[in-house]
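Alright, structures below, take your time with them.
Each of the next two complexes has chain A plus one other chain: chain B in the first, chain C in the second.
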Partner chain A sequence: MSVDRGKLVFVLPGLIVLVAIILFPLLFTIRVSFSGWDVAQPGLDWIGLANYLRLAEDTRFWESFARLAVMAIGSVALEYLLGFGLALLVWRDVRAGRFFRVLFLIPMMTTPVIMAVIWRTVFHESLGPANDLLRLLGIASLPWLSDAALAMTSVIIVEVWQWTPFMFLMLLAGLLSLPREPFLAAAIDGAGPIRTFLRVTFPMIAPISIGAIVIRLIEASKIMDTVYVITSGGPGTATETSSYYIFIRGLRDFQIGYAASLSFTYLVIMAISLTIIAKVLARAMIVKDNAV
Partner chain B sequence: MSALYRALKYAAILLWSAFVIAPFLWALTTSFKTANGITSGPTYIPWLQYEPSFEGWRLLFSSGGGGIAIAGPYLSSLVVTISASLISLALGTLAAYGLSRFTYRAGFVRNADITFFFISQRIMPPVVLAIPFFLMLQFLGLLDTEVGLIIVYIALLMPIAVWVMVDFFNTVPRELDESAMLDGCSPFETFWRVILPNSRPGLVVAGLFCLIFGWNDFFFAFTLTFTQTQLLPVAIVALNSSVTPWWSLSAAALVSVAPLVAVAFVLESYLSRGNLAGAVR
Partner chain C sequence: MKSIKYTLLATTVAVALGGTLASAQDFKKYGIDKDVPGLCSYDSISKKNYKGRTLSIITHAVPVMGEPTDLHAKQFEELTGAKVNVVHVPFGDLFQRIMIPFQTGQSAYDVLFYGSHWIGDFQAYLEPVPQAYFNAPGMKDVTLNYRGVATWGNKMVQYPVDGDRHYLKYRKDVFDNAENKKKFKEKTGHELAVPKTWEEYDEVAGFFNGWDWAGDGKPHFGSAEVTKRDDLMFSAFISRAAAYAKHPKVTGGFFFDLKTMEPLINTPGFVKALEMFVKAKRYFPPGGDSFGLGDEIFSFGGGQTLMSYSWDDAFIQAMEPKSAIRNKVGAAPLPGSREVWNRNTKKWDKFAEPSYAPYITWGWTSAVAKASKNKDMAFDYLCFFSNEANALHDLQIGRFGVNPYRNAHFEVSFWTDKLGWDKAVAVPYVNTLSGMDKSKNRVFDLRVPGVNQFMTSMAAGVAEAMAGQKSPQQALDGVAKEWTQIVARIGKDKVREAYANVVALEDNK
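Coming up: the complex of A and B.
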């Protein structure tokens, strides 16, 4: 039938182009991960599972996952809370609401790596304004980038600054699309603002929330250039994420084979954990339909 | 609504606004400083606290002697980002329409799996792809060229276009398609003549998202180009070497960020008209 053949016209071009671009890198990564390709021996030999056995005992790799989890989940949770809060604030009757909406969107438009360069000067211990502000408030200066916990905090602050706008955009668009009837019904029932939020607003916005959180988690777990500029993974390995560790092994030490095995392991772990997170979020946030 | 609640609300809005603006203001004031103005500690007000200089801004347009001749990278960034975005948007929109309207089966593969395949490309961190892409472009003779980067960016941006457009098309009533089909339109004619003209909000949002993520990429531009082609983020971060020239860095950052601020205005106008809802669901 013509409709049956006609429908391929839509999906095939994109699919073919995407597969053509992505197939070689993916297959290549898998194949190289079974080779000992490095500076001394560049080329595709076969060393079996040696790289995978090595990475199983590579605590620095597994620790980078733990740090990534703290960084990604921490910043995305903050982005969600702040983005939702801001969206609720400018949702209805706010003076100069449109001005603030544009302003709140701007950080997401800026190049992360360039803003990271600026942020690094902001956090500079003696010459930056962050400590200057603390002095003004009568608080002692902080070693923003040279203390392990603070360096992590600094990176999260930058991430939150950059990406809260994304959550804000998604959630405000969702809020603006909500029908009015459930809110009227809640008002007639005499529900207060908190009850209305818990019973009406939040359940209706839950599907958008889940989508936005999962997308942000996907993007946040790739964090690499911001870390590279702000802390270079330091102090020590305090802010070294998985991507950054793969970067060190692959592009700095040029252990291509080993980096490929790290990459492939990373992809498998991320695909599985993101799927689980999406399922758990869906179960936790979409409550039974008990809206007013 | 109580006065206290209103006061708290505006306080929160203003506090967040200050946080958003702070790094830009800091960059703005830094861009007018000299080495002396910076090493004397954090200062904010020109003339009062430091003697302003236009050196940082002058360096943007000069080559050699710490200059970065920003026009070339600027143009390259524009060419690469816009080309890759348009191609991704075209291919992604076609695919999204198909996935939204028809049923595909190939073995165990269903529509949801195809959509997931598109979107899952975003999971791959750039660092994983950098070396294979390097070898691939080397083989194709496209290393250090704008065409090479455009190819790589299409793989990066098409998933975004598919994601936004599938959700958008799902909100476009099917009656539109059906009546066009009854009038004798083929599936493609239906898409081209009836659906596409009604899809501006979705297309604008998907296109802007592609522009944002394309313009802001650093890692691929960093690993796949060297001397012939240089994109804006790479040119600017290159300044961040041994002795960081805070002044020209700040000026360059502000200039590179400026065009996308216009994007924020366009996005907001679609938000306010309520057109964005379907496009981001």
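Coming up: the complex of A and C.
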């Protein structure tokens, strides 16, 4: 009994932190989602499922999910490809390898909002360097932020620029931790670089790849600051993502109760989606028989 | 006996004069020209003793309003011995950072600087301005519009520190150019003149779009407007809609019918304005359909576009001493319309002369929290912040975001002598701004509880139409539907009671 109590004393600080920073806010958000708390009606009244019924008919919210899926999957796929490519380059002994490793990490070290402001200037259609560069190359200027598809592309470019280093870091760490023996065996068997990559490197790095992809998908699905600064969700609603929409309803409109119901619904959908995505990725990427 | 009296009198006068001169000398170190005597003057405030007390202020980020808040906070500390803590918050966060302490009953800030259109949401948490401050000469000189903006019902709950309005800005040198006049006449058959209607604006902007009318080897464009969805675009749309939807002879509401609280946002006046707004995209500079306020200021103030309309900032930037277009710009009332929708008769009424509807848009204001434990010090700070000397000082610094709001600010000599503006620029500027106070057909912001919900809804609808996702009518029908839902959620009576205050201002009651 005393041993159990002793254990409890050690576990207690962790439990308190868990309750304080995860469980309480979550339970409070659920409670708020059943209230009509807004700018004119402060406090926790009880309005039942009214917010959830309203949410079910809120096409802007559901459309924002579709955009989020395009944005998150598109940017994470590109980040994975680029990050993996860069990690493979630096993995081998290359000249100034340490310099490149640090260089590739710089975007991730910058503050997202500040970088978004700089990128907004880059994409400025009258004064930004992106169009200056295109004109120098003899290409017509592009409506980076005022065309729906290009605005989405611009946001994805910024995300990819900022977060490819994360992929790079994770995958490089994974590559450096791989055992040498399978590669030696492949070399003895006469496997070329492509075959070695497909049958040895890729299958062995797959668990780390899945981890990195899922972590980035979680982060990318929360995209808000880049959208807020670069496009404000426009043109029209072309780049409005779920988290940006929740921000508008919650903190700009001050519809606290409704925003809580949006947040909780978002959390449930994301938890289910990401679990399914992780399983699908595991099935697709982890090869059971990974012999050369 | 007589000589003693004279000696005493002379001594008193000498001391008083000496004291005045000495204090005037002392206060000049704060960057002002001269201290203006009164309740809020440097001299009066320096006699207060707030040593050992702390004043908490929340304001906007530096420089707009944030910088003058800091400047006058430091001066206030030096003069009174108080400690002043200033918290700076970006505009997007300002509402919630003020509202959350209000709703949770905390006394987080004594003094608040924020957008005046939030009065409907904040008024219940604000301390009315005490009667004593109404006697300050600076307060007595505040123009009718800005007394109205600061007032809720019959109580002034906001302390006026700024005056804002939307007006037309244009390149005077281009309009005055004989060659341009000739070309314009040849192309359009009309005389080139400052637009009096949005149709004329459209024609002029279209003519001057995409060619080098400034002679600097670069293409220039017709119009710069605030079009970025969540970056104050709603105010640009109201500017355009006022001309078509604010009928000078129809009372009882611009955004809603006050009697029924039915939204009017999808009536033909607003729809026509949105159609014109969508059409205007043709003569925006590249990227002009995603311009935030900063882009609009830079585009007109930097000489890229011929015309613009919004707050003072673009005009002030154009008139900065180092600006290439200094003294080449003009100010005029917002364009009007020769036909205005009459919601009573459900017909367009024609006007021989354009009907104008000045938009007295929201601007910076300040207030003292009801929950503050330092109300005396807080009001003294605001009174000092906006005293005559400080206001004239702040008006001269464009980035401060302080614009004319007292009758004294409409003296042409202030703009010509202090800021070096040409008289030909200063006179129309002053007349345009002061003329709005005289109008009987003004439009004010929708100052009701939940104003942000109404405005974000409207901005989203307008943005959908601008992006071609919906037709103007479909987009505004969607906004009207959402407004009806918002009214139902907040409470029809609650919104109506608040909206009656706005309608009273618009109907000149």
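The rule is simple: the second predicted complex is superposed on the first by the 279 of 292 C-alpha atoms of A that agree within 3 Å, B and C clash if a C-alpha of one lies under 4 Å from a C-alpha of the other, contacts with A are read in each partner's own complex, and residues count from 1 in each chain.
Just so it is clear, contacts are C-beta pairs under 8 Å (C-beta built on N, C-alpha and C of every residue); 3 or more make two chains touch, one makes a residue touch a chain.
This is a predicted model, so every value here is computed, not measured.
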Request  = Look at the residues of chain A and decide whether chain B or chain C touches more of them.
outcome  = B
Task = Answer with first, second, both or neither: which of chain B and chain C does A:V102 touch in the superposed model?
result = first
Ask   = Which partner does A:A40 reach: the first (chain B), the second (chain C), both, or neither?
value = second
Inquiry  = With both complexes overlaid on chain A, does A:F202 touch chain B (first), chain C (second), both or neither?
reply    = neither
Task = Please work out whether A:P13 is in contact with chain B alone, chain C alone, both, or neither, and reply first, second, both or neither.
result = first
Ask   = Touching A:F183, do we find chain B (first), chain C (second), both, or neither?
value = neither
Ask   = Does chain B (first) or chain C (second) touch A:L251, or do both, or does neither?
value = both
Query = Now for A:W91: first (chain B), second (chain C), both, or neither, which partner does it touch?
reply = neither
Query = What is the contact status of A:V122 with respect to chain B (first) and chain C (second): first, second, both, or neither?
reply = first
Request  = Using the superposition on chain A described above, determine whether A:I21 touches chain B (first), chain C (second), both, or neither.
outcome  = first
Inquiry  = Does any part of chain A touch chain B in one structure and chain C in the other, and if so which residues?
reply    = 126-127, 131, 251
Key: chain A residues within the chain B interface of the complex   = 2-3, 6-11, 13-15, 17-18, 21-22, 24-26, 28-29, 82, 85-86, 89-90, 94-95, 98, 100-115, 117-122, 126-129, 131-132, 161, 169-170, 172-174, 176-177, 207-208, 211, 215, 218-219, 221-222, 224-225, 229, 242-244, 246-247, 250-251, 256, 259-260, 263, 266-267, 270-271, 274
Request  = Note which residues of chain C are touching chain A in the complex, please.
outcome  = 92-93, 95-96, 99, 103-104, 121, 228-231, 285-290, 292, 295, 298-299, 304, 449-450, 452-453, 456, 460, 463-464, 466-469, 489-491, 494
Note = Listed in rising order, the residues of chain B that touch chain A in the complex are 9-10, 12-13, 16-17, 19-23, 26-27, 30, 38-39, 41-42, 44, 91-92, 94-95, 97-99, 101-102, 104, 114, 117-118, 120-133, 135-136, 151-152, 154-155, 158-159, 162-163, 186-188, 191, 212, 215-216, 218-219, 222-223, 232-233, 236-237, 240, 244, 246, 249-250, 252-253, 256-257, 260-261, 263-265, 267-268, 271-272, 274, 276-281
Ask   = Across the complex, what residues on chain A touch chain C?
value = 36, 38-43, 60, 124-127, 131, 141, 143-146, 148, 151, 228, 231-238, 248, 251-255
